[in-house]
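Each of the two complexes below includes chain A, the first together with chain B, the second together with chain C.
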Partner chain A sequence: MKNQIFNSLGIAVLTLGIVSCSNNDDSTDNQIQNASLQEVVTNNSNNVIIQTYNTLNQRALALKNAIETLANDKTEANLNAAKTAWSATRVHWEQSEGFLYGPVDTEGIDPAMDTWPVDVEAMNNILNGSANITVQTLENNNEARGFHLIEFLLWGENGQKTATQITNRQADLLKAAAQDLQNNTQKLYNGWIPSSGNFVNNFLNPSPQAYPSYVNVLEEMTEGMIVIADEVANAKIEDPLNSEGSTPNAQLEESRFSNNSKTDFADNIRSIQNMYLGTYNGLGNGKGISVLVAAKNSTLDTKVKNAINASISAIEAIPNTFTDAIYNNRAAVTNAQVKVNELHTILKNELKPFILNNL
Partner chain B sequence: MKNLVLFSLIAFCLLSCSNNDDYETIPEESLIDLSERIMAGGETTIFSTTSFAYSTPAPNLSNEYLAQHLRGDVEFESIFVTAPAEINSGLGPIFNNSSCISCHPRDGRASHPENLIARSGLLVRASLPGTNPNGGTIPVPGFGTQIQNQAIFNFVAEAQYQMLYEEFTETLADGTEVNLRKPKIQFINTYQAIPSDILTSVRIGPPVFGLGLIELIPEANLIAAQDLNDSNNDGIKGKLNYVWNSHTSQTEVGRFGWKANVSNLLIQCAGAYNDDMGITNPIFQTETGFGQSNGSDGLQDDPELPINRLEDVVLYTQTLAVPAPRNITATEVRKGAKIFETIDCSKCHTPKQQTGYSPIKALSYQTFYPYSDMLLHDMGEGLADNRPDFLANGREWKTRPLWGIGLTFVVNNHTNFLHDGRARNLTEAIMWHGGEAENAKQKFKNLKTEERNALLSFLNSL
Partner chain C sequence: MKANHYLAILFLIPLMTVHGQEKKEEKERLDKNLLNLSRFTLSGYGVVNYYNYTKFDTDLNIKNKFDAERLNLYLGYEFTDKIKLKTEIEFEHGGTGSTIELDTQEESGEYEHEIEAGGEVKLEQIYIDFSINKYFNVRAGRMKIHFGLAQNLDRPTSYFTTHRQEMENELLPLGWYEAGLQFYGTFANDKLLYEVSVTSGLDSSGFSSRNWIKAGYQTRFEMANAESLALTLRLDYKFGTHKNTYAGAAFYINNASANRPKNDIDVTSYVKILEAHVTYNENNLRFNAIGLYGDIENSDIISRKNATLSNNLGVKRTPVGKKALGFSAEIGYEILHFFEADSKQKLYPFVRYDYYDTMYQTEGAVVKKPRWERNSITGGINYLITPSIVAKLQYQNRTLGSEHIDPVTSLGIGKNQKENTFSAGIAFSF
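What follows is the complex of A and B.
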């Protein structure tokens, strides 16, 4: 009962917060309500997607530096700094998963960066060998690289790793993996920007071969949001929560070594939010999909915004770690799953038809 | 219904844009009415112009089959790792790639890779001259019927790939030059000597939507479409491949693979797990490299994939939606469709097929438009791999379905076509047609510029 009161209070406060925020923005809202499809596509492409990849690449560079520092001096402080740098990089990767199209997919970067599960056997074979561990070692062993390999080595399988347990071979592998990860974040960023791969051109300048119109680009952006909502609810949460029917299985949890899963999931939803609101990390002019919806159907706009907020709140309200919660707080996990599924349904059954039929 | 209305609107807009391009060559009244072909996959059709156009479940699936499809979706993306492991155990020891999706990106078409050493959606089939007692290929001792170019850590791949290109130029009647490249595969770093009489053939992972419909075309329809002796004297024959199914121990009509050397999707998927990923399963229980010095992990963990996971993937490949064509009322597209007929493309890329009964109701008795007769045709020396596979000789290939082809760039960000991905666009792909398609190719070369553009607009509308 107490919980329910707290929850209602929380929701009330939260709602108030949202209302007052948007009240302040009335003038801005009116100004940007006329945003053209081109402006939304341009803002979301340049200021959300490309800037997310830009930050991701910068954070990966910082992670590489933190791991080099750790490898040279295996102190607890340096281990903690490396863990923090991993989490800081992870945020922007998860916030990019609302747009898993383009180079991340067509250049095979996703499996190279975020392969799962970790090939522990391959990793141990590499560590137990005597050959130099280089970036090339990892490029040839796709399942023993990327975020989760680094996570495994920094936290240990049970999250109990101490700095003194890091062997020299592990330090070598960490260095190679961090360099490899940053090579891929660089490739990803380069794949989009005009001065390099210029994938963004497909979005900014519709053409018969790629996207015939801005509506098609907005359909792509919406599909990306739908897919990640589905993935969070029906794979990332569902698989560990209800493996083989209804049995929890922590082995199926993606970021379980670092206990970062709740943050991963919330950032996935923020990825949807960023594309919807046209803002990212203090960047972006707010000309997101929301503006186009609000101009013609403010009820739907509010519905989408509320569903996004409810999803993030429900994920963050899961007590303790996700690993613990799938066994001991299953109702809270299920509630988060329900909320994300509700968001998924709204995006799929209401937002997408709106984009196709009303713009 | 809403989708159709929207579609008409879009089409109308495009139509009004292209009105300026009226050609004298084809009178308006003889243009083909494409409206019935909008349902490219019958009731499994979806309307999408995004990179998700190939990866959506058929919209008419029952809840039960949809749930299984979604489980299969997870399996299709599952990455396998070195055994022993808690999750997805059993990769290799030798393999070509570690998941289904890595060779069929976004359920679509793999590109012709620039880096042949890295993993890609390209692999090489191999055999020795002659046929085995079941009419199939003879494995190469020490290599089998596929060259696995990857291996788990501490194991050696059979070989690495290297590609040489012969480049040349063809000139069309309007003076347009088309640059063509013919790839020739070579092997480096082989783990043991390769026999000098080895026959090889390069393969690119093709799109995997709509396959359940193809699987259900009644055999009688396919048999009736054959023209083994070119009885109508149009220079085009068309024959079925009959292939050995080791699971049923029967000879069956071949439907899948670039040479139609596999009869159904269960064998196709199970074979891909075994040959491409090194994942043993109830259909193929022996590691692909069994008996080779680099081929056995020494673990008693077979089969590595249980039957229910295999069946989920099979159902997944049976029930992906087919994307609808776009702009079908545009004059340019309708003119292109007419040219597609007049220069004889449609004689092999036959637009229409039908399914028979299926326990999966969504696939039962559907009329659909794959643009393929599903038959083998001699495609000439240029495309020949000179590696026979059951009844398909070294010059014969199965007519590729063309549905969804205009979405290749949006889905996969490239336009590499043909069995080895050599063509860099549709024009190159057409220019590689020879043999029974030589006539059609010559007619294509002689099209006026605007006629050729109309034909390409039609293909891109699919």
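What follows is the complex of A and C.
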């Protein structure tokens, strides 16, 4: 009965916005509190995580089709369409990095999709060989597959590649890599949904065998947010910015062929935002972790939201490309790093203890 | 009946053989003092090294290092003249050790990490040795697999380099210890030595491009899977006066995919390794050489399955070579006796050569990577301050099969990658 009420409320909330959610959770009654924990877990699982993987899978399918078109007809227009499809897919992968647990972790899908840097030696060995290039070729050579291999082949080492420079072998490799990527996004989506791998059941129905309670699920969700904030600040930004002491090194920059790094980083923070606010790409009822925090500690809730916004703004405020900025606008890059690190500290030192001790 | 059951029966043979004798000895032992120090044995060795990387193309940020490599202590106790307990405890790198526990009772298999306090301490060997007669003896428990040469020449006073013998150390687990049974003995006036081991085996989820089967050695879990037992055969011929003067060969076989943490491969993956070796230590000359050849069945399927293993397993997930090939030789000559005929100290200049390729041949769609073909020349000095303390200095030049890429221009420079290292160390053995 209670669930039905909340379900109807959820629909209402979609139109009313997030503010009304907080009002619903003001009650200190334990049962209602538990129900709202369940609601947040349900919303974040079904509408943020699964829908992110669903969109990622659809975009990967579109990327595969765009690359097939390019391989059959190597025109600049088709190359540009493939590049656009790559970037459109990348958005949702980066927005999924706030939840690198479950099948993406236990099935080894992360390294198969996002291995970096590109193993140019292995790639060249495949290109220089005479064997047919198939999906199985990439499954057998784990260091030469995924987003960055496709990026390297579409943009080239210096980002200047033209359609006519794509050789037939490269076209074959692109086709196989796009199919392989889509196989993995499909596997990832299937791993979560109830009709297939049903990992989501571990979240929706806590049990001693997986996550004993909703608080443990929320702890896992928060931990995922902490991990990606740390990675953005202290690996993705730090390594190229200060590779040796304080010397910049563009070689260490992820997504540098496509100049997509700033977007990557901002989307990583958006994955934190999506989980925190309980919305994704117009989906979700807004019952995210924020609702639970706001009910008991509105100061902390505001602090987290502000830190998320400040991080995204600071990343997007970095002028020109990230490659250029690590040499010529180091202060702006450092500022973004500081902001993301502040977010990381708040998530780790304030949000996580709050969830463990107060929910 | 599964192979495991045979092993259980084999375990009983030595026990039955020595049972009657044990009763008498047990009574005698109890008649004596409970703690008889003369029945305890203790020996050991240790190594501390310094590495200075003069040129290291594959890792431009590599740091020079000190390494308290290991301290190995052997504790033994003689229950009777014929039955002995032997143990080996190893302290490695002064770090902390950890194990992982896989719980398949849970839905998707939860991995649990356990950090052990007090540094990395491993019980490498613990076995009971039953001396029956010179032709047939049995060890039962966890003991050393005598495969290759480095497993025998494992004390730092028995090899010249600062670190362990490179070729074998990159391809094989060193030290290699497994649980099970070992039968050994000598024939032909103690000139022929044999050893047959039936033990726990490898797990193919740990195989990698760089180290071939090495990390398939089951150390990640608290217990070793024993779905497929390994068979190791070895024969040596002694032809000199020193215990390290002999020539021989060994063969190893095990289905390494049966021992994976999960049943994710339904074909067999027999690992077969063959090696032949010679070691010579007479008068002032020390020389040894070994050639090794190995084959992994279905290495392409292993590569594909390893690529999808959980991050939590901490394995490399890199493609696995089907065939590995290795050769190494080292020679040293004592020169101090030229200057001082009765000196107890020794000075051995030495040179060593290693060739090994862990992706010598690949299978199916797995692409061979030249980087894993390695050639190395090492030259240096071993100074034995006393027969049991040695100071070492060496310079090593390692050339890889892959081309060096200039980090600034990202272009190949037309020369192979180099990894050159100066190193020094102090070691002891007692």
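Simple rule for what comes next: the second predicted complex is superposed on the first by the 324 of 359 C-alpha atoms of A that agree within 3 Å, B and C clash if a C-alpha of one lies under 4 Å from a C-alpha of the other, contacts with A are read in each partner's own complex, and residues count from 1 in each chain.
Quick note on the criterion: contacts are C-beta pairs under 8 Å (C-beta built on N, C-alpha and C of every residue); 3 or more make two chains touch, one makes a residue touch a chain.
Bear in mind that the values here come from a model prediction, so they are computed numbers and not experimental data.
Colleague: Taking chain A as the common reference for superposition, should the pair chain B and chain C be classed as clashing or as fitting?
Modeller: By the criteria stated at the top, chain C and chain B clash after superposition.
Colleague: Could you look at A:N142 and tell me whether it touches chain B, chain C, both or neither (first, second, both, neither)?
Modeller: A:N142 sits against chain B and chain C alike.
Colleague: Contacts for A:E157 in the overlay, against chain B (first) and chain C (second): which applies, first, second, both or neither?
Modeller: Touch status of A:E157: second partner only.
Colleague: Please indicate which partner A:Q251 is in contact with in the superposed arrangement: first for chain B, second for chain C, both, or neither.
Modeller: both
Colleague: Have a look at where A:P212 lands relative to chain B and chain C in the superposition and call it first, second, both or neither.
Modeller: After superposition on chain A, A:P212 lies in contact with chain B alone.
Colleague: Who does A:G108 touch here: chain B (first), chain C (second), both, or neither?
Modeller: After superposition on chain A, A:G108 lies in contact with both partners, chain B and chain C.
Colleague: Counting touched residues of chain A, say whether chain B or chain C comes out ahead.
Modeller: Looking at chain A, the partner in contact with more of its residues is B.
Colleague: Have a look at where A:T134 lands relative to chain B and chain C in the superposition and call it first, second, both or neither.
Modeller: second
Colleague: What is the contact status of A:W116 with respect to chain B (first) and chain C (second): first, second, both, or neither?
Modeller: Only chain B; A:W116 stays clear of chain C.
Colleague: Touch check for A:P353: first (chain B), second (chain C), both, or neither?
Modeller: first
Colleague: Is A:P319 contacted by the first partner chain B, the second partner chain C, both or neither?
Modeller: After superposition on chain A, A:P319 lies in contact with neither partner.
Colleague: From the options 24-32, 240-248 or 258-266, pick the one stretch of chain C whose C-alpha atoms clash with chain B.
Modeller: 258-266
Colleague: Based on the A-chain superposition described above, do chain B and chain C contact any of the same residues on chain A, and if so which?
Modeller: After superposing on chain A, chain A residues 105-106, 108, 111, 120-122, 125-126, 129, 139-144, 199, 209-210, 251 contact both chain B and chain C.
Colleague: Show me the residue ranges of chain B that touch chain A in the complex, using the header's touch definition.
Modeller: On the chain B side, the touching residues are 2-3, 6, 14, 48-52, 70, 74, 79-88, 91, 98-99, 102, 105-106, 111, 118-119, 150, 152-154, 326, 409-410, 412-415, 460.
Colleague: Please give the residue numbers of chain C that touch chain A in the complex, ascending.
Modeller: 61, 105-110, 300, 303-304, 306-312, 317-319, 364-371, 402, 405, 407, 410
Colleague: Using the touch definition from the top, list the residues of chain A that touch chain C in their complex.
Modeller: 105-112, 120-122, 125-126, 129, 131, 134, 136-137, 139-144, 157, 199, 202, 209-210, 243-244, 251
Colleague: Provide the residue numbers of chain A that touch chain B in the complex, in ascending order.
Modeller: 101-103, 105-106, 108, 111, 115-122, 125-126, 129, 139-144, 199, 208-212, 216, 219-220, 223, 227, 234-235, 239, 251-252, 353, 356-357
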